[in-house]
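Below you will find the structure I want to go over with you.
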Amino acid sequence: MADPKFEIQMLHDRVMVRVQRDSEERRSSAGIVIPATVKMANRLVWGEVCGAGANVRSVKAGDKVLFNPEDQYEVEVQGQLYLVLRERDLHAVATQQTDHGTGLYL
Amino acid sequence: MADPKFEIQMLHDRVMVRVQRDSEERRSSAGIVIPATVKMANRLVWGEVCGAGANVRSVKAGDKVLFNPEDQYEVEVQGQLYLVLRERDLHAVATQQTDHGTGLYL
Amino acid sequence: MADPKFEIQMLHDRVMVRVQRDSEERRSSAGIVIPATVKMANRLVWGEVCGAGANVRSVKAGDKVLFNPEDQYEVEVQGQLYLVLRERDLHAVATQQTDHGTGLYL
Amino acid sequence: MADPKFEIQMLHDRVMVRVQRDSEERRSSAGIVIPATVKMANRLVWGEVCGAGANVRSVKAGDKVLFNPEDQYEVEVQGQLYLVLRERDLHAVATQQTDHGTGLYL
Amino acid sequence: MADPKFEIQMLHDRVMVRVQRDSEERRSSAGIVIPATVKMANRLVWGEVCGAGANVRSVKAGDKVLFNPEDQYEVEVQGQLYLVLRERDLHAVATQQTDHGTGLYL
Amino acid sequence: MADPKFEIQMLHDRVMVRVQRDSEERRSSAGIVIPATVKMANRLVWGEVCGAGANVRSVKAGDKVLFNPEDQYEVEVQGQLYLVLRERDLHAVATQQTDHGTGLYL
Amino acid sequence: MADPKFEIQMLHDRVMVRVQRDSEERRSSAGIVIPATVKMANRLVWGEVCGAGANVRSVKAGDKVLFNPEDQYEVEVQGQLYLVLRERDLHAVATQQTDHGTGLYL
């Protein structure tokens, strides 16, 4: 008989996010690629939501979300690294359907 | 078939602002231009709203807003740089119609 | 055709104040003038209200208000410098009509 | 025609107090006078209320109030120095009529 | 005619306490007297309530109260030193009648 | 006639606790005794409740309670040392009857 | 007659957790084992719930929970080490039945 399987569920207002590594390759407005090793203070990045706690209202799994990558909690599941954030620390969401979008696309 | 497109939508009380670069060219009251490299503590600047979260009540896309440019979050979309602020950190708005304006114009 | 004009309107609890420069010339109780370059910690100054946000209840344009000049936000409009304060950081108001005044006059 | 006169009115929970200079002459319990230049940490002093904001409930003009003289805001009106305090920073009041007094007199 | 007399009344949640000087003579559990000059961090002391503000519910004049003597405000009235505390900073009271006492006596 | 006796009663959310000195003798999981002089950061200890203020809901005299011994207030009564804690700083209770116990015993 | 037995019950929002020591053996995404002595800032770990206070709503004994192992309180019961956490400091739970799980398994 197989071991019982434990499925992960986020708690409270927590959101699990997979960081898009290519978001670390940055390009200046003049089009010059900035290596990831150059630290840019206060620069936000995009990631994809993998799970959200019962109190989370504004994002769902599959959405892309904008957040500050500094000082976030990390967890590794099945060899893949995820970040754990609070919903209030997400600044924007990018989805295929929006109701009051910015008219800007990823 | 084209890739699905993800439209950006601000969350909560967040406001996306495009900074007016010419607002960095400053002029003293005597009319002397102050180069942008001279740091002026606590000097507020103007920018234009590009998007606002569902909780934002007092400004909308197209409004010009007054804020402190220090220590703000940045995001780059399609090679253009934007700032992400909270509504409560906006000090004033400039629009073509106002209901209790100051009588001062940009 | 002329450019559209953007009128400035204060937000939330913010108050725009024009500082009275002569309030920087100080006089000790013995009548000696103290130059503005001598820093006096915790000394409040008077300014005139030019605009107030929709949440401001206790002052209006034209009132003179008492506040701490240290570490305030500044904005320059049409070559004139203004301070931006929160209503709660105003300590007193001086007007031509008062309902529970101190009996002291500016 | 005379200039219009602006009467000062305190705002919110602010209280304007005239410090009693003789309260700076201190006397130890043995009766020895302690010069005002000897700093006594956490020693409270008495002053007289000259005005109070609309939210102030527990003191009125003419009352004597007990407060910490350190780090308070100052304002000079007609050559006389006053302190500006918040009602919550007053510890005791001394009046000619009290309803639950201590039985101690100034 | 005599000067009017000003009776002191505590404000808000403030409590005026006379410190029992003998509470500064300490005795270790083995019965050895510890001089008052040996600082014992976090050691609470007893004092007697002389007055209490209108919001104070749990103690009254004449009660003995337990508090931390460090960093408290002091006031001298008629040559006697008192401390001024907030009700919430009192940890215990000792009275002749109690309704849920500890069974321990001073 | 005997002196009146003052019984001690805790105030608000305060709990008086007698520390079990043997809880300072620690034993590692391998069974090795660790002397009390070796500081173990963040290690909680057990004590016995001797009195509780009127707002305390979850513990009563005679219960054993788990708390952080660092930086607590102390008081000596009749030559015996007690700690004074707030109810919210208690992490667990051990009693002879529990309704949702852990199944672990002291 | 045997001594009375005291069963431990968690208080308020506290959760007692047994740390899974093998969660300290870490593996990088490339599959390389990272020794426990290499400190990884902000890396969360899993533990098993052994008891929860009456206010805890989202986890129960037997659940596996995700938390930050830094600066937590410890208690030793019967020679076994446990951590004491607050429910709000748990980021995720892993159980055999979930209602809005992430689709990721431990």
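We just call them A, B, C, D, E, F and G in the order they show up, numbering each chain from 1.
Basically, contacts are C-beta pairs under 8 Å (C-beta built on N, C-alpha and C of every residue); 3 or more make two chains touch, one makes a residue touch a chain.
Composition by chain, UniProt nomenclature: A, B, C, D, E, F, G = 10 kDa chaperonin.
Nothing here was measured: the structure is a model prediction, and the numbers come from that model.
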item: Centre distance in Å when chain A (10 kDa chaperonin) and chain B (10 kDa chaperonin) are each reduced to the mean of their C-alpha atoms; value: 24
item: Centre-of-Cα separation between chain G (10 kDa chaperonin) and chain B (10 kDa chaperonin), whole angstrom; value: 44
item: Gap in Å, rounded to a whole number, between the CA centres of chain E (10 kDa chaperonin) and chain B (10 kDa chaperonin); value: 55
item: Residues of chain B (10 kDa chaperonin) engaged with two or more neighbouring chains; value: none
item: Topology of the chain contact graph, where touching chains are joined (line, ring, star, complete, other); value: ring
item: Direction chain G (10 kDa chaperonin), origin chain F (10 kDa chaperonin) - full chain order round the ring; value: F, G, A, B, C, D, E
item: Contact set on chain G (10 kDa chaperonin) toward chain F (10 kDa chaperonin) in their complex; value: 4-12, 14, 16, 50-52, 54, 61, 71-81, 84
item: Chain B (10 kDa chaperonin) contact footprint on chain A (10 kDa chaperonin) (complex, rising order); value: 26-27, 29, 31, 40, 42-44, 58-59, 64, 66, 68, 88, 90-96, 98-106
